[in-house]
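Next, two complexes with chain A in common: one pairs it with chain B, the other with chain C.
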Partner chain A sequence: MSTRIELQEKDYSDLFPVGEDLQSQIGGRRRREGLARILFMVVLIVAISALATLLYTIINAAFGMTAIINTVEPDTIVADVGHDPEETGLADLTYDELVVVLEGSVTNNVGRRLERDQRFYEDRFVFENEATWSEICASSQPPTGCDAAPRDKSNVLQLVNERVVEPDVVKTWELIPSLFEREAIEAEIRSEEFQAANPGARPEFRAWLNWQFVTSPQSPNPETAGVRTAILGSLWVIALTVLFAFPVGVGAAIYLEEFARPNRLNQMIQTNINNLAGVPSIIYGMLGLAILVRVLEPITSGSFLGEGGSATENGRTIISAGLTLGLLILPVVIIASQEALRAVPNSMRAAGLALGATKWQTIRKHILPAAMPGVLTGSILATARALGETAPLVVVGASTFIITDPSGPFSKFTVLPIQIFQWTSRPQDEFRNIAAAAILVLLILLIVMNATAVFLRNRYSRSN
Partner chain B sequence: MTSEVRMSEGEVTERVRPQGASQSQSSDASEVATPLGVIVTEGMSVYYGKFRAVADVSLSFATNEISALIGPSGCGKSTVLRSLNRMNDLVPGARVEGSVRYHGDEIYHEDVDPVEVRRKIGMVFQKPNPFPKSIFENISWGAKVNGFKGNKSEMSDLVQEALESAALWDEVKDKLNESGYSLSGGQQQRLCIARAIATKPDVILMDEPASALDPIATLRIEELMLDLKNDYSIIIVTHNMQQAARVSDRTAFFNVKLNDQGMRTGRLVEYTETSQLFTSPKVQETEDYITGRFG
Partner chain C sequence: MTAEARSVAVPAPFKKRRRVGETLIRGFLFACGALSVATTVGIVVVLSQQALLFFLDDEVTFAEFFSGTSWQPAIGQFGIWPLVLATLMVSVIAMVVALPLGLASAIYLSEYASQRVRAVIKPILEVLAGIPTVVYGYFALTFMTPMLRSIFGVSNVEIFNQASAGVVVGILIIPLISSLAEDALHAVPSTLREAAYALGATRLEVATRVVVPAALSGITAAFVVAISRAIGETMVVAIAAGASPKNFTFGDDSLFGYILNPFEAGETMTGHIVRISGGDVSYNTIDYNSIFAIGLTLFLVTLGLNMLSRRFVERFREKYE
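So, the complex of A and B:
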């Protein structure tokens, strides 16, 4: 008790502030803390509003009012095949009637091409004849129609919509005015002036991002174009990227972190990996072009497996793109995995070794599982980056217009970012709308992929 | 210093005279007759790069005894301990000179695989370090990696036996599938001891096994060590002199010496029976340390 009082009575005012001074000193420290807090909050708000603006712009363009002209009105078509347009819609027609409509409207050449893609009937031809058919099916490169099952009704209905009704968007509005000034827009479309310039135009609210957009292949007119080919291409490329970069990256990280001695060579390798993570992606594209597309063409074109025809054979395939992106993210995967391995306490390594386990047994069973959540986080971020890469794929040779789905690692391909890039550089307004829709598809794809990976990671860390 | 090793078949003894003792007192009384140890070091020095951490340690650790290494911080006792089963190999640049023999075999011979050494000479660390796995897996894994030949039920028996030997069975028998981390600090340390026992080692090295534990848990570990001594040879590093006095049969006292360049190097000062070291140490330095005049 006595010591306490003595301590309190002792005067330290020459060393530390006391009384009023202490209050003002603490106040000053508090004020600086408050300022810092506000500053960081403002920074966060800036970041969030930037992202929100981006999302707003995209969504604004992906939905909205349109003025549409049908080349042939569906009512006319229905009337032509002998139904009452008041009672029957285009979708109510039978399969046979739809084929008849198509037969009467498209040229024979277009019809033959459609039939070669996929037949209308199993037992008879609409545009082709038996002799030509058996001849082209016997050739070295038979069209897909030779093996595929015949078309179904929804398929033919879509063909009629695309080829016969042929809706043409003449003007588009953004989402916000479409929602709040809808009547003014409709009045404008119905005005005499507008109708004189665009006879038969009618207002329609259009979600550019719709199921048909997701499931249709690329097409020259924006009304019917879709991103199916690009989505499949992106998934294929990313799958190969991950298959290459994940095992190679984690393996390299394990070697560098657990086995390599800290000698000059290994330090040099480490420095180089760190620098490679900052190399512009287009450089990787050039590397991919030089090595994968050109030098390794016999492998990357798939011709060593006897795939693909000699005329179309080249190395601009999914596997070249996947490996290029794999190389691009490899340094990031290695560095992230190294960090994760380094974060595992050394006591765990010692525990394993002290039991008479080998280094590899310890790594395999204890170190790697403990590092896995970190390894996965780094790899997910790297993969997300690869999914959005455009520049290296332009160099490697992604196709900008392709309507056939990729069928394997040796197919030609396009990916979503390439498709978006290509559409945004078109002059017509409608392409900007579908580019916005494609961006949304890409974002959704990213979110789904990340969510899956985070889910996997959480399950991994829980099972430990 | 005189130490002679007779490798005859009969009564094998070794005479080790502590170095410090040889300087201050050179009578025959300072010689302690010890049975030929399970681990014997002769003139062992440990280097970290160019830095010599411990110099010239000659010790013989006896079978089925508890030997304690004591001394002030930085005297190299943990370094000595880790050199006995080649755990120092993990430290980049660590190097051991001199001789370390396990049952007469040089463990630092180039033909010797450190994995084999560690399989025979297990270790328990200062901080409990169970694997982030179930209690059962914590124990079965060591046996598994060393090629345990038994079937599933024999593995269960092994795990139970190890946990019983570590006096942990009654506390965990109903939650063998729970994580090793769910246990308290003292239980975790006993789990680590059980884990070491399950691989049937010959020697168990303990690096301050109770320093992170409360007095009650410490007491349990000490009781456990006295039990285990019947089956294993135990070498323990401790900061706690009472602990060394309570459990050990022999005690080695290490101290730090500054050389001309001001480098701190650990040296063995005195190694003798515990009762003797704590009651009538031969070297003044030892007496100063155990009576609390420094360190």
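So, the complex of A and C:
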């Protein structure tokens, strides 16, 4: 009782504020609190608007008005081969009709060159004749057309577009002005001044991301270029990456979590994996270049199988790229799988062993299935990362320009991110547009992969 | 125990059978783990070997490499400073952007946000983290650069410049800082927070005077990892920062007008590696070997930073777990 009175009597104002000072201090603190809250909201809005701006920039460039000049209008071509342009489009023509169109429009020299690259028909020639063909194929450097399969329809359609229609985009507008100021843009294109500089130009709303873009091979003209080779290349590379990284990564995780005793060696492996996860991706590219491309060239070029031949005389192949990315995502797969294995309760291990199962039987039948959702999610996310990787593949040696589809692990390759990188680096506007379209394709692929991860995780966790 | 002794002592049904399959599987699994060590060894050997060839070349001296301010392989000048300086410039700008934004969003998510807000914000940050870096490169060149040019004047800002690349690298590492820092804030025991609230502290005071200091080592670890990521980032700088080294001479070039001017073009270490190796460089030329010397420098710096960050993480683990 006496101490309490003593406390009340003592003056604490030099230690902390009392009375009015206290009130004003509390007010100040509350104001700071409110300010901080606003500041945090602003920061969040900035972070979110970064994402919004990113998507806006890409979509804005992937669609929009263009001023386009066709050397020959597609409708004229369709009418020339005897179809009604109202009903039939260029893409609806048959293979034979397209070849006829091509035959009637390109010079014999160009035609022969095209045929030497790749034949039009297995059994007959369009531009070449039998005698010269067998002569050049017997020469020391036969052209690719001698053993390649004949062209298919999308390929010839591309040729018709490139060589006959020859669309030339002379000016492009972004999506937003195209939507809201369409009339002004059309008026500008039709104006005498514009027509004088670009005779025959007509306005066209162009979705740079369209079906033709997805199914056409690469081309030097942005108007007819597509990403088919790049998509197939990406899928091939990713398939090899997964085939390598998934079993090895899960195996390493099982070893570290289930078998490894905590000795020096195993601790070193663990530390090493953690450190590897932080190594910049470009360093893996250099590893791939020096080991896979150069030292293991006889294997990665496919020459040990007698494959490849003239097409790939070096190790800059799909398998080198796939294994490089495999090494890159390996630490991520291992760490994710370890976490999933660690989450499996110990009672499960004990139960398996108590029933007389061997260690491996317990792991295979009980622990691994239980850990599978986590393992799969981690692995798919890592694979998604590999799908977007660019730098290591530039170093490993992606081809800058290929138009033939990859045919196996020993083909030369290009992948979507590389294609985006190259198109972005070009100064012309149209290449920016197709780069944006290619980015959308890549993002769609990534969304599909992530959705698969979520789907698999849900399915597995329900069945267990 | 020898095989003989066992066959005498243990009755047949309980004899431990040798399981060849199990041993093989164990061996395979160990090989999987050991492959990661082989990868590291491979990286170190490959980088050092080619870097050694580079330094053994007559045109190159060790001293010039680490002190020279001009990188012009065509005339035999190999000073790494222009590349290092551009790398540092981009990383510093990136950290200036990413540190406050990343830390603030971590604090907001950990200390302020309701479950509903978190459920919206976290996926957005994850999406940002999942976008390929080449897309950020496109963003830097087609959005950030024109924006900087319209703000600071077309004549002041070059088409390829380090500022644009730096800002975009910063945006790219916000999710990394935010998620690592949030983990660290989350690991702070809630008793500390409750004690502070009981004393009448506001949320801001709890966050800045109790939680952040308690999680400081974890937050530092996040920063260090982010710096390492910014240094190793490649595609954004390859696309937006410039495609030739910004050579300089002290005294002749103005320090802030040129050497340290973020609006000038400049090639970073990673950007240089990509440009040289993208052009089908032939093996065993000095160009080929030089990128491995740069790669080795890059590897050692990032490895050092990552190990440092691991130290910090271990410190905050010890404290609260």
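To be clear about the criterion, the second predicted complex is superposed on the first by the 347 of 464 C-alpha atoms of A that agree within 3 Å, B and C clash if a C-alpha of one lies under 4 Å from a C-alpha of the other, contacts with A are read in each partner's own complex, and residues count from 1 in each chain.
Just so it is clear, a residue touches a chain if its C-beta (ideal position, glycine included) is under 8 Å from a C-beta of that chain, and two chains touch if they have at least 3 such contacts.
Just so we're clear, the structure is a prediction, and the values are computed from it rather than from any experiment.
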Original post:
Where does A:A384 make contact in the superposed view: on chain B (first), on chain C (second), on both, or on neither?
Top reply: second
**OP:** Could you look at A:V18 and tell me whether it touches chain B, chain C, both or neither (first, second, both, neither)?
**Re:** neither
Original post:
Which touches a greater number of chain A residues, chain B or chain C?
Top reply: C
**OP:** Pick one for A:P262: touches chain B only (first), chain C only (second), both, or neither.
**Re:** first
**OP:** May I ask you to decide whether A:A187 touches chain B, chain C, both, or neither, giving the answer as first, second, both or neither?
**Re:** neither
**OP:** Check whether A:L305 is in contact with chain B, with chain C, with both or with neither, and answer first, second, both or neither.
**Re:** neither
Subject >> Which superposed partner A:H366 touches (first chain B, second chain C, both, neither) >> reply: first
**OP:** Once the structures are superposed on A, label A:I444 by its partner contacts, choosing first (chain B), second (chain C), both or neither.
**Re:** neither
Original post:
Is A:T358 contacted by the first partner chain B, the second partner chain C, both or neither?
Top reply: both
Original post:
Touching chain B and also chain C: which chain A residues?
Top reply: 358
**OP:** Would you tell me which residues of chain A are touching chain C in their complex?
**Re:** 29-30, 32-33, 36-37, 39-41, 43-44, 46-48, 50-51, 53-54, 57-58, 61, 247-249, 251-252, 254-256, 259-260, 266, 268-269, 272-276, 278-287, 289-291, 294, 327, 330-331, 334, 358-360, 381, 384-385, 387-391, 394-395, 397, 400, 417, 420-421, 424-425, 432, 435-436, 439, 442-443, 446, 450
Original post:
Touching chain A in the complex: which residues of chain C?
Top reply: 19, 21-22, 25-26, 28-37, 39-40, 42-43, 46-47, 50, 100-101, 104-105, 107-108, 112, 121, 124-125, 127-128, 130-139, 141-143, 171, 174, 178, 202-205, 225, 228-229, 231-235, 238-239, 270, 273-274, 277-278, 280, 283, 291-292, 295, 298-299, 302-303, 305-307, 309-310
Subject >> Residue numbers on chain B that touch chain A, as the complex places them >> reply: 85, 87, 90, 92, 114-116, 118-120, 122-125, 127, 129-133, 141-142, 145-146, 192, 195-196, 199, 201
Original post:
Taking the complex as given, what residues does chain A use to touch chain B?
Top reply: 261-262, 345-358, 361, 365-366, 369-370, 464
